[in-house]
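Down below are the structures I want you to see.
In what follows, chain A forms one complex with chain B and a second complex with chain C.
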Partner chain A sequence: MRLFFKNKKITSVLSILPENVVLFEDEMENYNFSVNQSLKLKSVMGYNKKRVVTDGVTSSDLCILGLEYLFKEGVINKAEIDAIVFVSQSPDYIMPPTSNVIQGKLQLKDDIICLDINQGCAGYIVGLIQSFMLLEQSAINKVVLLNADVLSPKVSKKDRNSNPLIGDGASVTIVEKASDESNIYCSIKMNGVGAFSLHIPAGGAKMPTSEETAILIEDSHGNLRSKNHLVMKGDEVFNFVQAEVPGIINDVLEYSKLHKDEVDYYLFHQPNKFMLSKLADKIGVDRAKMPANIVENFGNASGATIPINITFNIADKIKESSLKVCFSGFGVGLTWGAVIMDLNKNTYIQTINYN
Partner chain B sequence: MRNKVILLLSEIRSEFDFNQEVDFIESGMLDSFDIVSLVTSLDEEFGISINGTDILPDNFCTIDAIIQLLSKYNI
Partner chain C sequence: MEHFKQKLVDIFEVSNISESDVIKDFDSWDSLTLLSLIAVVDAEYNIQINASLFEEIITIGDLLQYISKNSK
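Right, the complex of A and B next:
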């Protein structure tokens, strides 16, 4: 599905990263792998270190710290926030919505709309599209898009498919109306037939958690996980990404009538370095234009990886000039999408730590 | 070529003999992470970039399958 927007812009992107660092080597002995294989895996996939929360810290904690920081910095004030879009797979509660909890804790005005969206690796794309749609309303001038995931407690430490790459993190993106005429092109697709390529079996109505769902079971590759843990069918996800993502990038480029070389940066969700490198080669983009350094420095924080990619890789460059960027996210759902838009010179881009 | 591929496989899983006429995947000699490691080794050794959509078990289950895959890249 192609979507088009005008007169909207991103004015701020803030990443909030847990201060706690876990090294790949710290957890290597948990995996049913030789040391040699593990080190090879580390090199090929780009596993190195990741940020994870300490016990009890949740997605809303990261978001609230980020918003309080922006209030203190004078980037936005409370009265300006007309909508909160909270995108996560790790909400604080099944009910109420975490966006309402955040609104309440920050004592924001009640003339506001708060939305929770359950999305994962494509959560930044879905969140941006939702924010742009809200901004079509005359009553809404500024939207706070929150992407946050604290999935480390949902991953088995003895699962080498998932544990080495999963990190925690959050971002606050301020999206608002703009007087300039710059165009925003989006392309997004979903396929629920593949919904269980990435899933957590227990914890919802279909399979409530119990003593039984907490039992660790060994899979055919020697990974140990329970039904309360994240299951990632790596082969299926890899094949899906390689088969579908190049097509959606080509589609959004065609829609925008841009040649791929006219885009300054391809800021993608980052599951691992290998997958990104293969994508860059397939799309025919210089790897320097598609940073693949987020997993090795912070881990994969699901929907927050694209904003973390922004704050880690272009914070300095945006001070020099405006940039034409292509965002792309792909994963849970299955969902895959891309957005081409401008990031204006001096957009506020910052990273803070949560301790 | 055959010997080079066997050498690369042996570097990844030194405990196995890759001269055997068996299906490397079905017999458990290679798993998906080994395939990823092998792709990286083949890319570096032959100066190619194996397409992501070619990274399927069928293309890595025997020496002949791997050689056939490499032939697509004029190796």
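Right, the complex of A and C next:
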């Protein structure tokens, strides 16, 4: 589905990363793999360091720290926030919405819309689209888009498919009305037939957690996980990404009437280095324009990877000039989408640690 | 090439490597080793090999030949 917006811009992107660093080697012995095999895995996938919260820290904690920082820095004030869009696979509660909890804790005005969206790897794309749609309303001038995931407690330490790459993190993106005429092009698709390529079997209504769902079971590759743990069928996800993502990028390029070389940066979700370099080659984009260094430095924090990619890779460049960027997220759902827009010179881009 | 052969020694987890070695006969041959091989050829020579090419590239010698033919 193609979507078009105008007179909207991103004015700030803040990443909030847990201070706690875990090295691949720290957890290597948990995997049912020889040291050599583990080191091969590390090298191919680009695993190294990841950020993981300490016990008890949740998605809202990271978001609240981020928002308080932005208030303190004078980047936004409380009264200006007309909507909160909170995108996560790891909300604080099933009920109430985490966005309402955040609104209450920060004592924001009640003339506000709080909205939780259950989305993962494509969460930045879905969140941006939702924010742009809210901004079509005359009553809404500024939307705070929160992408936060704390999935490390949901991954089995003995699962080498997922544990080495999953990191925790959050971001705050301020999306607001703009007077300039710059256009925003989006293309997004979803297919629930593949919904179980990435899932957590237990914990919802279909399979409430119980003693039984907590039992570790070994799969055919020697990974141990319980029904409470995240399952990622790596081969299905890899094939899905290689099959669908080049098409959605070509579609959004065609829609925007831009040649792929006219885009300054392709800031994609970060599953692993191998997948991203294959993707760059298949799309025909210079790898230097498609950073693939987030997993090795911070881990994959689901919907927060694109903003972390922004804050890690283009914080300096945005001080020199405006950039034409293509964001793309793909995964859980299955969902895949892309957005082409401008990031204006001197957009506020910052990273802080949570300790 | 010697540097690359050392990389192959690491990937295949053997003490030495010769051109007549059959790639799929290494004890360490599995999907991860395949990915490692694709990744190292890419990193060292900027050549992108498709997994299906290993139907034609049988020995280490075949691989070295393929690389020298496709070096940019």
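Quick notes on this one:
Keep this in mind: the second predicted complex is superposed on the first by the 355 of 355 C-alpha atoms of A that agree within 3 Å, B and C clash if a C-alpha of one lies under 4 Å from a C-alpha of the other, contacts with A are read in each partner's own complex, and residues count from 1 in each chain.
Heads up, the rule we're going with is that a contact is a pair of C-beta atoms (placed from the backbone, for glycine too) under 8 Å apart; a residue touches a chain by one contact, two chains touch by 3 or more.
Everything numeric in this text was worked out from a predicted model, so none of it was measured.
Touch criterion met: A:41 reaches chain B and chain C at once.
Greater residue coverage of chain A by touch, when chain B is weighed against chain C, goes to B.
Judged by the touch definition given at the top, the superposed model places A:279 against chain B, while chain C stays out of reach. Applying the stated contact rule after C-alpha superposition, one finds that A:306 touches neither chain B nor chain C. Touch criterion not met for A:352: it reaches neither chain B nor chain C.
Contacts of A:243 after superposition: chain B is touched, whereas chain C is not reached.
Annotation: chain A residues 36-37, 40-41, 44, 274, 277, 281 touch chain B in one complex and chain C in the other. Residues of chain C touching chain A in their complex: 11, 13, 28, 32-33, 35-36, 39, 42, 48.
By the touch criterion given at the top, residues 12-14, 31-34, 36-37, 39-40, 49-53, 55-57 of chain B touch chain A in their complex.
For chain A in complex with chain C, the touching residues are 36-37, 40-41, 43-44, 274, 277, 281. Against chain B, the residues of chain A that register as touching in their complex are 33, 36-37, 40-41, 44-45, 160, 221, 234-235, 238-239, 241-243, 274-275, 277-279, 281-282.
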